[in-house]
Each structure stands twice: as structure tokens, then as C-alpha cells.
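Beneath this line is the structure, given in C-alpha cells, with notes to follow.
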Amino acid sequence: MTAAYTADEMMTVAAARQLHNGTVCFVGIGLPSTAANLARFTRAPDVVLIYESGTLGAKPDRLPLSIGDGILAETADVVVSVPEVFNYWLQPGRIDVGFLSAAQIDRYANINTTVIGTDYRNPKVRLPGAGGAPEIAASCREVVVVLRQTPRTFVDRVDFITSVGFGRGPGDRRRLGLSGSGPRVVITDFGILSPDPETCELTLVSVHPGSTAEDARAATGWPLGVSTDLATTDPPTDEELDVLRRLEATKGA
Amino acid sequence: MTAAYTADEMMTVAAARQLHNGTVCFVGIGLPSTAANLARFTRAPDVVLIYESGTLGAKPDRLPLSIGDGILAETADVVVSVPEVFNYWLQPGRIDVGFLSAAQIDRYANINTTVIGTDYRNPKVRLPGAGGAPEIAASCREVVVVLRQTPRTFVDRVDFITSVGFGRGPGDRRRLGLSGSGPRVVITDFGILSPDPETCELTLVSVHPGSTAEDARAATGWPLGVSTDLATTDPPTDEELDVLRRLEATKGA
Amino acid sequence: MAEIVSLPEGIAAAVHDGDTLVMEGFTHLIPFAAGHEIIRQGRRDLTLVRMTPDLVYDQLIGMGCASKLIFSWGGNPGVGSLHRFRDAVENAWPLPLELEEHSHAGMANRYLAGASGLPFAVLRGYVGTDLPAQTDTIRPITCPFTGEVLTAVPALSPDVTIIHAQRADRKGNVQMWGILGVQKEAVLAAKRSLITVEEIVDSLDHKPQEVVLPSFATTYVAVAPGGSHPSYAQGYSLRDNGFYTEWDAISKDRDTFLRWMDENVMRRAPAA
Amino acid sequence: MAEIVSLPEGIAAAVHDGDTLVMEGFTHLIPFAAGHEIIRQGRRDLTLVRMTPDLVYDQLIGMGCASKLIFSWGGNPGVGSLHRFRDAVENAWPLPLELEEHSHAGMANRYLAGASGLPFAVLRGYVGTDLPAQTDTIRPITCPFTGEVLTAVPALSPDVTIIHAQRADRKGNVQMWGILGVQKEAVLAAKRSLITVEEIVDSLDHKPQEVVLPSFATTYVAVAPGGSHPSYAQGYSLRDNGFYTEWDAISKDRDTFLRWMDENVMRRAPAA
């Protein structure tokens, strides 16, 4: 029998399962960093973590508190400058997986981290901005997005495209000349979404135990498609939960 | 009374006198490197030597045998990559003096290190090529050239412009957009030449002791102008000679 | 060659009203002490530039020092919003703040072009996003060999760049290690520079993964021990994570913010 | 992830007839052992690329392995001419050698563009020289912001880059220090790479001023102790300056050269 766990824990565990030994992963801060380190301490000890602070092959023994945490430099195979991490490592397509979060995501997996509201000059909410995300979303071989699913975060069209998912649909990434294949999965607290191979629309492919397709639909700002093969996510194993909780406990340290 | 010395020794000593404490100097190999290190051990202990191998602030205790000699890395303030030395250090105009040699130099101080003969595809002599010289000649605040003077090396027009001195005369450097002011002096085994302020033609401004303007003219492939203020170079001091010979003796070590 | 000065002297000499000012630091080595001295000296109308404007820029903006911000990510890392930044953008308090917004890759390349003495840099970036529509500093450029269209961004060549580093020697050679960020490029891109350091030592022994800025490439060096607090200086101090969380509450309210600044910045003597 | 192989296996897998091949090293860490193995394996029609082609390229050219050379300075450093290179250019012996000639700044930026996944690089260079007239790989480019005209050079993206480094760990992470040259960029620009190392160690402790190439960024690693002789590997060997001088006499005469190569390369077993 499996211990009780929260929806956030299930989301993080499901995200960690996207990484494999040898995968080279460009890690955003927050949920992606937690998931990537969980993967490193469970199924994928040889995952290669790259942070935009220029730390390549970081192996922190606790959760870094920011992408510039000193533990990343201390444990990295090599520390490079920020221009180098973008130019030599991200831009040429050397990274397998870009691991991002978002403030808003839309039907075509476009990401907004810039402004809420449609008037850029007079926003309802000014968000932090692009950071490394536009080029991570463009150049990594594939992208994994992790964020909590609500009607405010899962919208039909993002107010501002900070980072391109599939633009306005099939063929757009190629037309734009983006080298990576775009978001492969979006992992939420309700389930797992993937772009439909034909339409590029995010579609529910798995629900986490205890959630239903209806729950996910209710948390989505467009009529969410559901895969005919809808799966149920394996619940967190004891090991996954144990490691995750021990990692989370290092945050205050 | 001064010890006997060779014309090459006089040339190197005269070149070394071009460098001052605090001068940041981009050093070509061969005669320039000997002169730059002589300056460092005599009049200018705080001259900053930069080699194109990426060694900034090198302080070798012997003459480096090449621009990639390990002693340069071991004694440098910092070692950077070759792209960086050209892009961050040379190109923006941070270097006071570029110290070059040449296979041929012409009336307007243009330098050839590429081919002898006017057919590039079918040269009489294939020389090593450009190396760092074109951009050193373009971007250093000023350039000092050291080479032995013969009618074969001092020609009316070089067979191939590898590095620009004053092009075809006054205004050419500005027209070409070159940021540095070009060759300030050319130091030979006969004397010291400088560009005429009006015509930009190399003109004899000083003869070394024992040489005459006639000697220099005979060693020049164009009708060499002579300054009305023709000076005589101070002979090497005992210290200069002593240090130079001790440096040269380290070459075989 | 760099001149070794006190922090107040350095700020007075290097930073003038109306300047374009860079203060870089990627979580690590953020020059807080220098920022506070700028606030105390009352600089106005600054164009602030930084990839990751954080608390020290929130403070400069909230104290009315800035009229424009050039940036790529403006947040309190690991905590949330920058409330003074948001108040300036959303409500023009205390002054309107013009934005010039880029991605990290674009900003890094803008510094790189500045450090290289080039007027622009080329990258694969921004395509398909809504960022180019908001600025004239993102333009297409065509490869003269392949015909491929890429993106150009203009060089950043600030009037002055300020960074914090671990140490310098008496000649003014500066050494830093740990997370390197874009500090070297930001210094080399600037007309003038001021580097605050934890200490001045007789000689710099090499450190793994270091950056050394030779004295001839910088303008002023000032000693400011702890000058990166609440950020950290690897080998000298740890990040004060608690303060980043506390800042959220301090900065949320205008009066609380002003009171805190008065007590903790305006009335404090500058670092020695 | 890099695969650890023997040198003959590595050359057989990485270098094919007709390839564009980079072997870099700026006086330091020149991959001679790898060059000799290429000669023994009889590769033909190579486009050789290197900023400073020296003795090992003189040997490859003299043995008929190359049809083209892309370079910026071809000499015997501190000694004089490369006679096999000159004989190929001046007399087409043993084969004609096409040249594509640049400056160091241009070559360095061509590698940098390749390493960055860009089709070209921009620099201030070549203006007023006779170099642009001899190649179509130097073209003007206009800044889209200032209108200033600069110079563009196309990226180098070789089929394979070979370098020599001090050491690697068992996962294939490679470490080098001392004069760094353009080796990192040359490896990152290539489709495949082979790095010969002095030794493989259990773990890499950091060295001052190091470059580390992570295993995921390279293809093959082979142990070749002394593999940079007569060049040197800082911390492992000294430059054999005498050999550079001797090479002048060995290489001046075609027969002497061929005899030397037969005795010292063709009949030698490859490095273990």
C-alpha cells in the first residue's frame, strides 16, 4: 500500500519520471528543479543537470534555493559564464530536455511569463518576464512543462507569448525555424497533457489517481480534449515520496 | 664607454625603449617578444604583455620559445581562450601597442607575411600567412614594427597586403574604419623610421651609431625620405646589453 | 590601471545622474553595498540595466533613482514578485518606469557584443514570441553566406558597470569565482567600471574556475566587506535567504518600504 | 556520452576519407599521436583545418592525406617554414593543396560560430587587406541598428575535431589546462570528436584556469600518453624544442622526409 500524498507531490513525481539516465536537462527554477533533482536521486542518477547560471552537471545534495545557489557551482562538472551557457550549450541544440514552468499556458502550449492582461504597456499584473525560457523552448530537443492547472493558468490564448509552444498550430514551429520539437508533455496536479499529433492541441493523456478527466476539464480554460487511451498515472512509490520529502526538507536548511 | 654590440642588439634595444610602465602590449613572436621582455626587465617592469595564445599579463623569467610557450601560461595574470583574446581584448581597442614583425614592409608601412610574388595562386615563396597581424595592425592604439632592413624587405609596394599600415596614404585608415592610429615607428638594424605626418610615408628619423642615412637608403627599395631632424640613436647601455644577452642565453635552456 | 578608492568616492566618480548603469550578479555577488551608496548619494534618472533585476534594483526603483529598466527577468528569486518594480510599472510610483525587455540569451549577447567592441550580436532567439513587437532592439539579420534569417540585438555599452567580487590585489587586478554570471562581459562592455571586493590581498593565488579582470581593464576598485549581502560571495558569506522572504513583506507597502530604506540605508554610514 | 576507445579504433570510427578534419592546439597539446594514426590508416582527400598548421599538418600534407587546407598561420613556430606545406603549395607535391586563408581572429570566430550553432560570425577584421579577394568566405555585413559595415565569416562545422588533453575521467569528462587555444570551440563546432588524453583518472579535481568538456559533448576519448610529442602537455611533458629545429632539415628534402615518416610513423605501432 502507498502512503498518502498531495497533488503537488504527485505532479513533481510524474515530472521526475520524464528524465532518464544520460538525459541532458536544462532546468528552470522552482517545480522543474525539484523534479529534476528527484529524478537524479531516484531513477536517473546520471541525468545531467544544466542551470542557466552556467553550472553544467550540477549535483546538489539539497534543493538549490535559486538557479544561482552556490551548491550548484560547488558540485558542477564545470562552471561557465552565462553568455556561454546560452551560446555554446543551449543554442546549438545540445540539450535533450528543457524543463520549464509557466504563469499561463494555452491550448497550443505557448507560455506566458510576461504580463497578465492584453495591454503590455498597462498590464493587470506585471510578471517577472522571459528569463531563459524563450530560447529553452526554442532550442531544446523537447520541452517538459510543469505547472498547477487552473482556469487562470490554462487559457485558450495566452495574453503574451513569452515562449513558443506550437504557435497557432501544426507546422508553426517549422515555419518559425525553431530547431527543437517543442513541448512533449505538460504535467499538472491533475494529470498529464500531450500535444495531439495532428492538431498540436494539448490533450489529456493521463489522470493522476483520485482525479478525473472532468476535474481536469473544469480546471482548463478551453474545451480540453481527452485521449481515447486515457491512462491513470502510477501513484508515487514509497521511495519517490521519501526522497521528495527529504529533498523538500532541505529547503529551510 | 659602451661595450661592443651587434646591429641586431641595437635594433632590439631600440624597440624595447618604445614600451613604458603600464603600457599594454600585444606581442608577436620573435624580435617583438625579445624586445618586449627586455623592456620588462629594464625600463618598464610593469609593462603588460599579452600574447595571442591567450596569456594576459605574462611575466616569463626567460624568453618564450613560441607564443604558446608554457612559461607564458604559468606566469600570466590570466589565461583566456584564443577567441576571447581577439574578441574581448584586441578588437575593442584595449591594447596600447601592437608589436609586430614582417617579411616585407612598404613605403606606407603595409605589411606582407603571406606570399612573395604577385600571383597569390602561384607564389614565388609561400610565407606563413596572417596569424594575428591584420587585426593587431587594425585595432591596437598604435603599432611598432621591428624587422631587419634590406631592399628585399623594404619595398615600394608589398606583394600582398596582409596587414594595413597606411594603405595608399593619408586618410586611408579612417576611410577603412580602422580604429587604431597605425604604425608609429619601424625599428630596423639601421635606424628608426616614422610615418611622415603629411604623407604617411615611412621616413628615417634616427640612425643607430655606426650607420648613416646612406646605409639606410641603400637598404630600402624606395627613395627613402630622411627627417631634417635626423637623430642618432643612443647606444645600448651596459644594463640593456647585459639583460638582453642573459635573456638570449635562456633560449637554449 | 584601476584606482583603489573608498566606496563613496568610487560611486561619486563613476555614477552620474542620467547614466546608463549596469549592476550585474546572477544571484551570486550582487553589489548591494554599491547600490545603497548610489541611493544615499541621490542619483536620479538612471537607466538601469540587468538580466535579473532583484532586490537592489527594487530598492533603486522604489527610491526614485531610475527612469528606465533594461532587463530579462525581474523577480525575487525563489520568493515571487518585486513589489517596487511592479508598483512602478503598474502604477508609475514613485515615477514611471520605461521598460526595454529581452530574454536572458538576448541580454547576455548584448553584453557580449559590448565587450567585443561590436555594435550588435547575432543569436537564434525571440522568433514567434511577442517580445519583438514591444521594442526596436530586436531585429532580423540575414546570413550573408546561407541566406538564413537570424535575430540581431544591439550591443550594451553602459556608461558604468558595477560588480562585486571576492578580492583584488594592490595593483587592482580583480578575482572572482563560483557562479560567474555575465559580470566580466558587463565590465568589459562599459566605459567606466567600479568593482567592490571583500578584501584586498597582496597577491592572488589562482582559484579553480576563476575569472580575473586585469587592472588595466577596470577603472575603480573599492573594499566593501559583506558588500553583496543579502546575496553571497562564495568563500566569504552565505546567502541570507531569510531576508529575501522578508523583503516580500517590507516591499509590499510603500510606507513600510520607505521606513525600512530610511533606517537601513539612508541613515547607515557607507561601508568603510 | 563519450565512448572510451583505443586510438586506432577512435581514428577508424571518427575520420573518413573526404572528411573536413580539425586538429587544434596552440603550440600546446597538439595531437601528434592521432595525426600519425591517421597517416598509418591512409586517410585521403581530407580538408584540413587549423589556425596554426605546424609539423603534424606538414606530415599529413607530405604523406598525401590532404587536398585542402583552411588556416591562418602555417609555419614551424620559432624555426621557419613548413617545407612540405610549401612544396605542396609551390610545386603541388605530392598533390595540389587548395588553400582557404584567414586571419587568426577570423578563424577563431569561425569556430566560435560553429560552437554556437550559428551560420556565421561578425568581427572587425580583414578590412584593407588583400585577403578578402582570395576567398568567398569573407563578406561585408551591415549592422541593422547603426548601419556600420563589419565583416562576416562563415561558421566552421567540421565533420570531426581531434584534440589532445591532459586527462579524462571514466565517464569521459575531459580536462585540460594551461594555454587553452581554440580547442573547446573546435570540439563543440564538430559533428564528431576524438580527444586523446595523457591518462584516465577516477575523478577530476579542479585545476586553475581549466577547461572541462563534459562527456555528453564529445564522441570518443582515447588514452595516448605522450600523444602531443614534440609539442607538450602542461603538467605532463615539456616541449621538445630540438625536434622542431631538426624537422627543418628532415622535411626540406622529399626523400629524407619519406624515409623519416616510414621509420618513425609507418613502422611504429600505434600508441596503446
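Read from first to last, the chains carry the letters A, B, C and D; within each, the first residue is number 1.
Please note the rule applied: a residue touches a chain if its C-beta (ideal position, glycine included) is under 8 Å from a C-beta of that chain, and two chains touch if they have at least 3 such contacts.
Given the structure is predicted, the values throughout are model-derived calculations rather than measurements.
S.K.: Which chains make contact with chain B and with chain D at once?
M.R.: Chains touching both chain B and chain D: C.
S.K.: Based on mean C-alpha positions, I'd like to know which chain lies farthest from chain A.
M.R.: Result for the farthest chain: B.
S.K.: How many Å are there between the centre of chain C and the centre of chain D, using C-alpha atoms for each centre?
M.R.: Roughly 39 Å, centre to centre.
S.K.: Round to the nearest whole Å and give the separation of the Cα centres of chain A and chain B.
M.R.: Distance between chain centres: 57 Å.
S.K.: Would you please write down the residue numbers of chain C that are in contact with two or more other chains?
M.R.: 117-118, 123-124, 148, 184-185, 209-211
S.K.: Could you list the positions in chain A whose residues touch two or more of the other chains?
M.R.: 78, 87, 91, 139, 179
S.K.: Which two-chain combinations qualify as touching?
M.R.: A-C, A-D, B-C, B-D, C-D
S.K.: Can you list the residues on chain A that touch chain D in the complex?
M.R.: Checking each residue of chain A against chain D gives 22, 24, 48, 56-57, 77-78, 87-88, 91-94, 139, 179.
S.K.: Would you mind writing out the residues of chain D in touch with chain B in their complex?
M.R.: Residue list for chain D touching chain B: 26-28, 51-52, 71-75, 77-78, 81-82, 85-86, 89-90, 101-105, 108-109, 111-112, 123-131, 134, 148-149, 178-182, 184-185, 209, 211, 232, 234, 238-239, 241.
S.K.: Using the touch definition from the top, list the residues of chain C that touch chain B in their complex.
M.R.: 1, 115-118, 173, 184-185, 188, 210-212, 214, 216-217
S.K.: Help me check something: in the complex, which residues belonging to chain C touch chain D?
M.R.: Touching chain D from chain C are residues 117-124, 137, 139-141, 143-146, 148, 150, 152, 154, 206-210.
S.K.: Quick one: which bits of chain A touch chain C in the complex? Just the residue numbers, please.
M.R.: 29-30, 52-55, 65-70, 72-74, 78-83, 86-87, 90-91, 114, 120, 123, 125-126, 128-135, 138-139, 160-164, 167, 172-173, 176-179
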